[in-house]
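Order as written gives the chain letters A, B, C and D; numbering starts at 1 within each chain.
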């Protein structure tokens, strides 16, 4: 069996589902997943579909016919992914190690269908972790007034390894516009608050000061506006007056790890679509 | 616009989705919701679909054509609901009033698209509540050795008002097999534990004794085996050693109210399908 | 048995707990609850203590001795509550009825140890609900340019019935400073967002626009700065891209009801202390 | 400063709190945490207290005086812990690696104040993980008919390193009574269900079969009755009909990791007391 995952968005119209599913049927595909959503306000249709085909099916031909008969007809933006090589994922870190340990543990447990060709950091502190997990580590300092140099080095490394996805695992630097443009909706950040509350620096300190009873974490795609990109996943944890800022930081670590890991998994499984600075998450 | 909701289950086969969605398209319907699920183990296909049709569409004709062209072909068990008269819902209670107040409050707030032609109780205690909400109240005692008499009276009342759905809002009597058979997957009970833990009587006492850190509630369709019917919805609440049995009972009230209300809403919205003593919940 | 609940805050110092508990012991009290918290940053000590005394204990004498021997010595701000008449609670509403139904249902179920001498509204819509629950309803219009008149009427009504606690059950008017000053930390509001996210009007619309994956509700004491008072309780509910604004509003109703009810219960049970615009919640 | 943590349980009586806190005060201690709980049914008093003393305080003297003046007087079972060497924790594993990676990641991130002198396994599969984290790994096969041999080896290893706490990180063997007796309330297991639901083998399979809407995990102290020991911590995760058994297993991994880690942390921080097969958790 070969399998395809089809992601679509296009102007809403009658008959799209019938056209797509009939197309699959005519090409002897067996649909194993279908979910759709219509943004009523903006009249946009979104769909995710998984289908199995007999082994001898020529996916490249199917793809071309789909483009001509369906994609163009409905003015679709679409991707048809085949189960092929796993995504190449780069991890950016600074000094915090908990998210890095978590991702690498999951990676080694075969929980994440990726390869990790590199860990990039503006500090050298976490190099030993990279080494103990046998992952190449690149120290790229980000110095005041010399940020372009770092950016160039980042792009060079990422392109050399044909990186598909960048994960900011508590990376404490602003991502410059050029890097964002080179990886649109392909840079996932973990922010340690329940966005949009406490965007920016030191969210646990702000949460403590405000006296909230619940803290959160948010994984999102990185856009030029800080902490304002499309949200992929959020989760929360209860706190009380008796928790110090340090308690919040410690409690928050588990949130950050899980919310980031969920975001990564959704992306890898092609279950996210971005439109209008929001995500459609197919589950 | 007229709207239909279509619920299907049948042996899994290739082309079902294409057939159904093409059928809708050919009859000038606009699909506004589609979700499907395949029970891989038992090879059963499940689908829920909502479609709008132009106002002059003859749903009865569409229904008949669907039966002949699609339903029979795939050996479907299917219902096509049209937005018509709201469901008629009977509420059974005993002495606890919190679930009753909750349901009636939601009803008056137009949160539940039903009519409530009757509240039936084996006690008279809650009659004043029924009266203050202007709902007919029937006192049907369930006496030892005379349970058949109560059962007959129940069936008579339910049939007279053509009741569609029975809600057991902490009704403290076993439902007899005949009544269950007359309302298959149409009697919703709220059990005050996280089933299958603590089935049977006094679940809060058992939870206290076991020292669990979380309590729960479960809404489920009633089957002949006590507390073993298909689960519709569950939720939980954290507790600690410092909570007495009475604290659990009080905390549990909110769980019971919400989990029962969610179960009722899912049923009313035709979002539940039952197969093999489990529910498929389309959300 | 007679019971007292003692709430204390004072500058932190050595020996406070020993002094207070020894005082209770010497007066033949039996401590059944003690919890304390130290705000390390501000060096403030907080304590809640419940104690039972023999029936013939003269609480007024105990109170006076406590003042002289303990309270003054440690510069305490303290209240010693005796189990007496229940709090008098006024409910302010506008047109939304779900929180009102919820509170009145709980009240009738004996879940709230209060009396409710009045429901006040700037509209007449919910008068029938008040009547069906036998609660006096006062229609006090809040008209542009004549807000002082409404405020005067509010104060008059509240003072006449010696109201202890005001609950804003989705009351859609700003509370003026004078009313806040007359009821410091005794006005509880429910805000339909996870504060500080989405303060102000239309939080569900803002949540939808931002594409959050979780919505929340917050009960808090009212202060002059809008939606910025001390938070008593918060809770959340998961949402997805598929939920419309109206879905959020509907899902949020259950959150609002529960978070407001919890806030009311904590206040009634004397389990809240306010300091520095934050609450200490003794559980 | 030197710090003590005092854990007490004894028959309930008047004056215990006053006696203990006055004792601390007389010895110039500063109480920084106090929490107590009375099991009303069994008339047992429980307390946890943290206090700081001046650096030159002789804790051993304080301990002896406490025994004579307080402990014996109230027939207390008590421990007074001083901040000293971290606990020595052994980890038992079989073939599942996710909990092991999680614990070791936390350990390396300085989240767990322990030393880990050994990882013991009945299989060799996870040896490379132990090595990459520089932890001694002991392969102790548990063979049918030769279980006594494994048990003897376990006890030998544990005693040689003076192990304080055993963590069963998805160790798939029954712990024999002798080992339990040697480590009473010092063996923590993670069970992959919401106990008491689905005790025993294959809980995810049972959860799938029953059609529950929520799965859970439970960390508990090991007692002779399987999966029936005192519960330390539980948590849950929502599932739906669409999740396969394998999905439950994958989703459950995160639950298992977090619930086990929380259980370990509570134990290490001396925040657990066991009585009557239940835990008192001081938070």
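Points worth noting:
What we mean here is this: a residue touches a chain if its C-beta (ideal position, glycine included) is under 8 Å from a C-beta of that chain, and two chains touch if they have at least 3 such contacts.
The model shown is predicted, which means the values in this text are computed figures rather than measured ones.
Across A-D and A-C, the chain pair carrying more C-beta contacts is A-C.
Taking each chain's centre as the mean of its C-alpha atoms, chain A lies 36 Å from chain D. Chain centres here are Cα averages; for chain A and chain C they lie 42 Å apart. Taken as a contact graph, the chains are fully connected, with every chain touching every other chain. By the touch rule above, chain A contacts chain D in their complex via residues 97-98, 101-102, 104-106, 108-109, 111, 129, 132-133, 250, 253-254, 258, 261. Against chain D, in their complex, chain B makes its touches with residues 37, 40, 194-198, 210-214, 216, 230-236, 240-242, 244, 277-281, 283. Touching chain C in their complex are the following residues of chain D: 14-15, 17-18, 21-22, 24-25, 28, 30-32, 34-36, 38, 238.
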